[in-house]
Amino acid sequence: MTESLAIRKFSDLANPTRFLALAERLLPWMAGLCCLLFAAGLYLAFTTEGDYQQGDTVRIMYIHVPAAWLSMMCYSVMALSAIGTLVWRHPLADVSHKAAAPLGAAFTLIALVTGSLWGKPMWGTWWVWDARLTSVFILFLMYLGIIALNRAMDDPSKAARVSSVLILVGFVNIPIIKFSVDWWNTLHQPASVIRMGGPTIDGEFLRPLLVMAMAYTLLFFTLHITAMRNEIWRRRIATQRRLAARTASREV
Amino acid sequence: MTALLLRDLKLSFRAGGGALIGILFFLTVVAVIPFGVGPDLNLLSRIGPAIVWIGALLAALLGLDRLFQADRDDGSLDLLLMQEHPLVLTILVKCLAHWLANVLPLVIASPLLGLFMNMSEVAIGAVMLTLLVGSPALAFIGAVGAAVAVTLPRGGLLVSILVLPLTIPVLIFGVSASYAAVEDPAPFLPPFLILVAITMFFAVIGPLGAALALRNAGD
Amino acid sequence: MRLLAENLSAHRGEDLIFSNISFELKEGQALILTGRNGSGKSTLLRVMAGLLRPASGTISFWYDAARKAHNLGEVAHYLGHRNAMKTELTVRENLAFWKDFLRDAAGGTGYSVVDAARAVELEQVLHLPFGYLSAGQQRRMSFAKLLVGYRPVWIVDEPTAALDVSAEALLARLMREHQVRGGVILAATHQPLELLDVKRLEMKGFEFAAGDED
């Protein structure tokens, strides 16, 4: 039953009109749930005890870490969409990675800014060129590059194909950047939640962090679907306007 | 003339405009430097002002070749040249629009790059101030290069080659004023005032030269 | 109103394009240039607009016996092969810009943007980006540019390129209206535009150049 539903939904998605109808129904629920999760997450974040070493500044973590996760997840979503564009020529995939790029840039920016605010009291400097920070900064530049590429081309389907190539090349490039800068002295702490042998982080911090992570993820998907819907509408308006220009001369 | 300013600004910010690309180039150029010289924060903070200035200089040259070429391609340049109001004024306004859309964002982004370069607050402020005062000169000098290369099919690179040597005085005084603000014995004001003078000088010379070049480039 | 061209000649590179061209136009008259490709029609029009310097000769324009224009370009519209409109901006923004930038020359006022668009029968597309229009619509809209700022002299180079018969008739009518209001037209065209009070000038190209045989 669920499987047949899933297949039907997937083929439904191929059609932008069906997608719009689905988005119409899903969005209010997603937005509502997202608000609830954020309320809960922020409440937890501000009521749990501060770290004995870092004091209240540790609370930045609840904003910073999920944003950093999302910045990478967003790129993965874009890479999947890019494959969809290049392999299946799926029109929604075009819309998907175009809509995701500004979101990814925003999440990366949040991660960079909050990291910088956290770094000042902890490390005594706003910014260091260590492996983690540098690779996130490069990720940010890549997002901006993809946005600029999309803006530079008039024809949306051509722009989608070209930027798909860039996204995939970038996806291959990310691990290379990450490892090639690893020899640099690293101030940033190593991964502490998702690692072999269980999280090293205390449960006290883990609970709000996970709630915030869920809230962020839901926020991403809410915004992503909204942005996709807007993009579809934008393209339809452009088509309508071209049509208007054609019919205008026929009347004369 | 306000209409021309507004039109050029609109064109820069509409889809396909170059305003975003300049700032992205600036970020990228400056971000590449630490890979070359290593992540030593002391070294970076010492060379920071110079790096930010050079990055801004290169990024400011980026969109210059289109300053007149875009208007030439669609025939607007002919009409701009024919009018009664002085061509120098038209060019000055176009330079101003270019500066507002493409160079001012670089000035605004420069403190961010100052942080990346581990520069002190005073140094960041000094670089931003000198860029604010010095960068219009880049647009005015660039206008001459853009006007000279307007009829060339691939003038972009040539514009940079023509313009870069002329911008060296701006770079010298911009960077020396920034350093003077941080390092104690050197006074800040003299190089800064010279920078102001250079900008004002080129605000006159640049549009005049560009007007002369455009008048003679007719085809 | 009097437009006088005396002994004009022009070079392109080393080649002499034309020489010894003289004509005089009075209020309401039109000059139609004909001749084969490369005979120098466009070059002559660009010389008249002040966009190319003539190798010799003078162009002068008098509003009346007492007042003379500084140069012809200031009192003329030039419509070349290119439309001088930005594809990124809407038609309204384009026309509004040119109206504001061109202003009116002495002796008349231009149409409002809407009226100009109505005159070329395209007021429905004012809100669309210029790039969305078809080639013929773009040409008509760039013709509307001649209406928004008043100029006594219109210099038009193949104005009806890319146009169908009805649009051609439309532009011809607008040009005749300009002549009725006392305007002068210089046009390079092969279409029978049926302008009023026409003088014709056939450009013979290289044959004009003395002793230059090819």
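So that you can tell them apart, the chains are marked A, B and C in the order they are listed, and the count of residues begins at 1 in each.
Note that in this section a contact is a pair of C-beta atoms (placed from the backbone, for glycine too) under 8 Å apart; a residue touches a chain by one contact, two chains touch by 3 or more.
Values in this document were obtained by computation on a predicted structure and should not be read as measured data.
Colleague: Whose C-alpha centre lies nearest the centre of all protein C-alpha atoms?
Modeller: Looking at where each chain's C-alpha mean falls, the closest to the middle is B.
Colleague: Let me check something: if the centre of a chain is the mean of its CA atoms, which chain is farthest from subunit B?
Modeller: Between subunit B and every other chain, the largest centroid distance is to C.
Colleague: Find the geometric centre of each of subunit A and subunit B from their Cα atoms only, then give the gap between the two centres in Å, rounded to an integer.
Modeller: 34
Colleague: Please tell me the distance, in whole Å, between the geometric centres of subunit A and subunit C computed from their C-alpha atoms.
Modeller: Roughly 54 Å, centre to centre.
Colleague: Find the geometric centre of each of subunit B and subunit C from their Cα atoms only, then give the gap between the two centres in Å, rounded to an integer.
Modeller: Centre separation, subunit B to subunit C: 37 Å.
Colleague: What are the residues of subunit A that contact at least two other chains?
Modeller: 154 - these are the residues of subunit A that touch more than one other chain.
Colleague: Give the residues of subunit B that touch two or more other chains, as numbers and ranges in rising order.
Modeller: 15-17
Colleague: For the complex, which residues does subunit B have touching subunit A?
Modeller: 15-17, 20-21, 24, 27-28, 31, 34, 39, 41, 44, 115-116, 118
Colleague: Can you check the complex and tell me which residues of subunit B touch subunit C?
Modeller: Those residues of subunit B that touch subunit C are 1-4, 6-7, 10-11, 14-17, 73-76, 78-79, 81-84, 218-219.
Colleague: Note which residues of subunit C are touching subunit A in the complex, please.
Modeller: Against subunit A, subunit C makes touches at 121-122, 124-125, 128-129, 131-134, 136-137, 166-167.
Colleague: Under the touch definition given earlier, write down the residues of subunit A that touch subunit B in their complex.
Modeller: 116, 125-130, 134, 137-138, 141, 144-145, 147-148, 151-154, 184-185
Colleague: Mind pulling up the subunit C residues that touch subunit B in the complex?
Modeller: Those in contact with subunit B are residues 46, 49-53, 70, 73-74, 76, 78, 80-89, 93, 96-98, 100-102.
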